[in-house]
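Each of the next two complexes has subunit A plus one more chain, namely subunit B in the first and subunit C in the second.
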Partner chain A sequence: MTSHLEARYHRQRVPLLWWARRRSYAMFMLRELSSAFVALFVVELLFLIRAVGRGPAAYEGYLDALAHPAMIVVNVVAVAFVLLHAVTFANLTPRAMVVKVRGRRVPSRAVLAGVYFGWLVVTAVLAWLVVG
Partner chain B sequence: MAHPPGRSTPEPFVWLMFSAGGVVAALVLPVLLVLFGLAIPLGWVDAPSHAHLLAVLRNPLTKLALIGICGLALVHAAHRLRFTVEHGLQLRRHDGIIAAVCYGGALVGTAAAAYFLLATIRV
Partner chain C sequence: MSDSITLQVVRYRPDEEDAGPVVVDYEVPLRRDWAILDALNHIKDELDGTLSYRWSCRMGICGSCGMMINGEPKLTCATFLVDLAPGPVHVAPLANFPVIRDLIVDITDFMQKLGRVKPWLIRDEEKPVDDGEYLQTPAELSDFKQFSMCINCMLCYAACPVYGLDGEFVGPAAIALAHRYNLDSRDEGERERLTILAQPEGVWDCTFVGECSAACPKGVDPAGAIQQAKLAAAQDAVKSLLLPWRSR
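And then the complex of A and B:
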């Protein structure tokens, strides 16, 4: 029998790994976790900037560190998560904002095409800036 | 979260930074990560010379853009990780300390970006 006190403070227990129970919940969790890899890559970028500032030897040393097999594995996982972030965030755009031209709503497919086109342009410019 | 009317909270501002950071991270980070994380280390693309990268980083526009990109992407990640940890591991009662660690980390990272770009890379 439950006492009054227990009944009053009873709360539905949620299992710790509630998000592992369903595919859609697990996808939600993976998408949220992508932000950890966004942060990780920003840290890698900070180390790159620091190495460039320290001179050619430090820069070469950092390139060697990035070529270490363990770093490659980490970065393969990071690429997967950062792309997951990019795709899920881009696909939100038509829902997050309504684009109107001459009072008419632009269909979400067109908005999405614009987003991906912009993404391609930014990617091309940055690639040219870095290795061009 | 419910707030009494007339009392302002920093929540809307943090959400604004969150979505700006999400856009920046989605636009800018994939190409840089693929280049420096895979293409250059695996030899698909030749590594840019030190002189070239230094010249790019010396440009004040690059400095400004990189500080903005690092800061916004870190705030985005901090805001998202805060709720992921709190909901995923049911640690909501520790919101204060988790939020402090997340946003504090973002602040430290942004300060590091500003320091490396402004103090160690001279024009």
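And then the complex of A and C:
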């Protein structure tokens, strides 16, 4: 129920382009948008699995489709967004996770270093699997 | 340096006809020791006694004088004119809250949310007063101390686009305070608070824009608190899924 006093309140509306008015809001929207590109890579991966399952001809077709200039441009943009996603996500970790060792709080920098080190290890293992 | 500065004050007078908010310019002395609040008091005392705004302590403790200064949520007692010279300085009521009159917003929604998260010590069984205080080590205090610095000024709510778009969101300060008590070694009320925090309009509405922490005049990190509360809620959900007999 709205009282007659509340009915006279001025309700401030959030403008449609609220995120364009401040750099930090715009960065946040870019980070949100980056999830779409993460999803794009998942879809690409699913298509790859399907192509591999269907045999060498389908796999060649998949590679040809990816070699199309338009796909290369899309994928370069997607890599940039996925990196933004990963880096911003990693950088937020020390604020979301309080790590304690023997009752003492581990400094944020050490937590962050741990995250990047883990990322490096996973990347190295994947690179070894793909290249090696 | 000029000896005066213009304040563009957003005014809303609901008792007047066609009463949409209007911007009124006031020329005030540009004094080195004056904060925006001093300029507003000057307007009220010398230029226009009808101007309405909230204030109390003038020293960044009471949390009453939060307003939008040039579009940013600020405590007007801690924002100085000289830092905004040559001006003009735009002064508007706190964003995301309904405006009652001029620079005064209705804070009922925040007060109700604050109460819902039970920001006080909850014990399964209260100790008799004769047994003395609940003791705590400095290390246990440091676990939550920064979150206890909140002065309920609501600048974080004005900075939060999620709260602006979805009024149901419990919001940064209330969640940070709930988290402050959850981290307190003397408290046993985490599960009670979790029933509120783990709702969709609790921690999960937050998308970690992070502006609440940037706006906080007391150095509290509500955004961090919310993410830590998310982690706690998720761990609790997994635990109750894997060990259902342990959850009450």
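The rule we apply is simple: the second predicted complex is superposed on the first by the 120 of 132 C-alpha atoms of A that agree within 3 Å, B and C clash if a C-alpha of one lies under 4 Å from a C-alpha of the other, contacts with A are read in each partner's own complex, and residues count from 1 in each chain.
The rule we apply is simple: a contact is a pair of C-beta atoms (placed from the backbone, for glycine too) under 8 Å apart; a residue touches a chain by one contact, two chains touch by 3 or more.
These numbers were taken from a predicted model, which means no experiment stands behind them.
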Subunit B versus subunit C as contact partner of A:Gly103, first or second or both or neither: second
Contacts of A:Arg95 with subunit B and subunit C, given as first, second, both or neither: second
Which partner, subunit B or subunit C, touches more subunit A residues: B
First, second, both or neither for A:Val111, with subunit B first and subunit C second: neither
Touched partner set for A:Leu48, first subunit B, second subunit C, both or neither: first
Partner chain(s) touched by A:Leu16 [first = subunit B, second = subunit C, both, neither]: first
Partner chain(s) touched by A:Leu30 [first = subunit B, second = subunit C, both, neither]: neither
Partner chain(s) touched by A:Leu66 [first = subunit B, second = subunit C, both, neither]: first
Which of subunit B and subunit C A:Val76 touches, first, second, both or neither: first
Touched partner set for A:Leu84, first subunit B, second subunit C, both or neither: neither
Where subunit A meets both subunit C and subunit B, residue numbers: 14, 19, 32, 96
Residues of subunit A that touch subunit B when the two form their complex: 14, 16, 19, 29, 32-33, 35-36, 38-39, 41-46, 48-50, 52-56, 59-60, 63, 66-67, 71-72, 75-76, 78-79, 82-83, 85-86, 89-90, 96, 118-119, 122-123, 126-127, 129-131
Of all residues in subunit A, those that touch subunit C in their complex: 5-6, 8-12, 14, 18-19, 21-22, 24-25, 28, 32, 92, 95-98, 103, 105
Residue ranges of subunit B in contact with subunit A within the complex: 19, 22-23, 25-38, 40-42, 45-48, 50, 53-54, 56-57, 66, 70, 73-74, 76-78, 80-81, 83-84, 88-90, 105, 109, 112-113, 116-117, 120-121
For the subunit C and subunit A complex, residues of the former touching the latter: 12, 14, 19-21, 71, 93, 95-100, 106, 139, 142, 161, 164-165, 207-211, 214, 221, 223-224, 227-228, 230-231
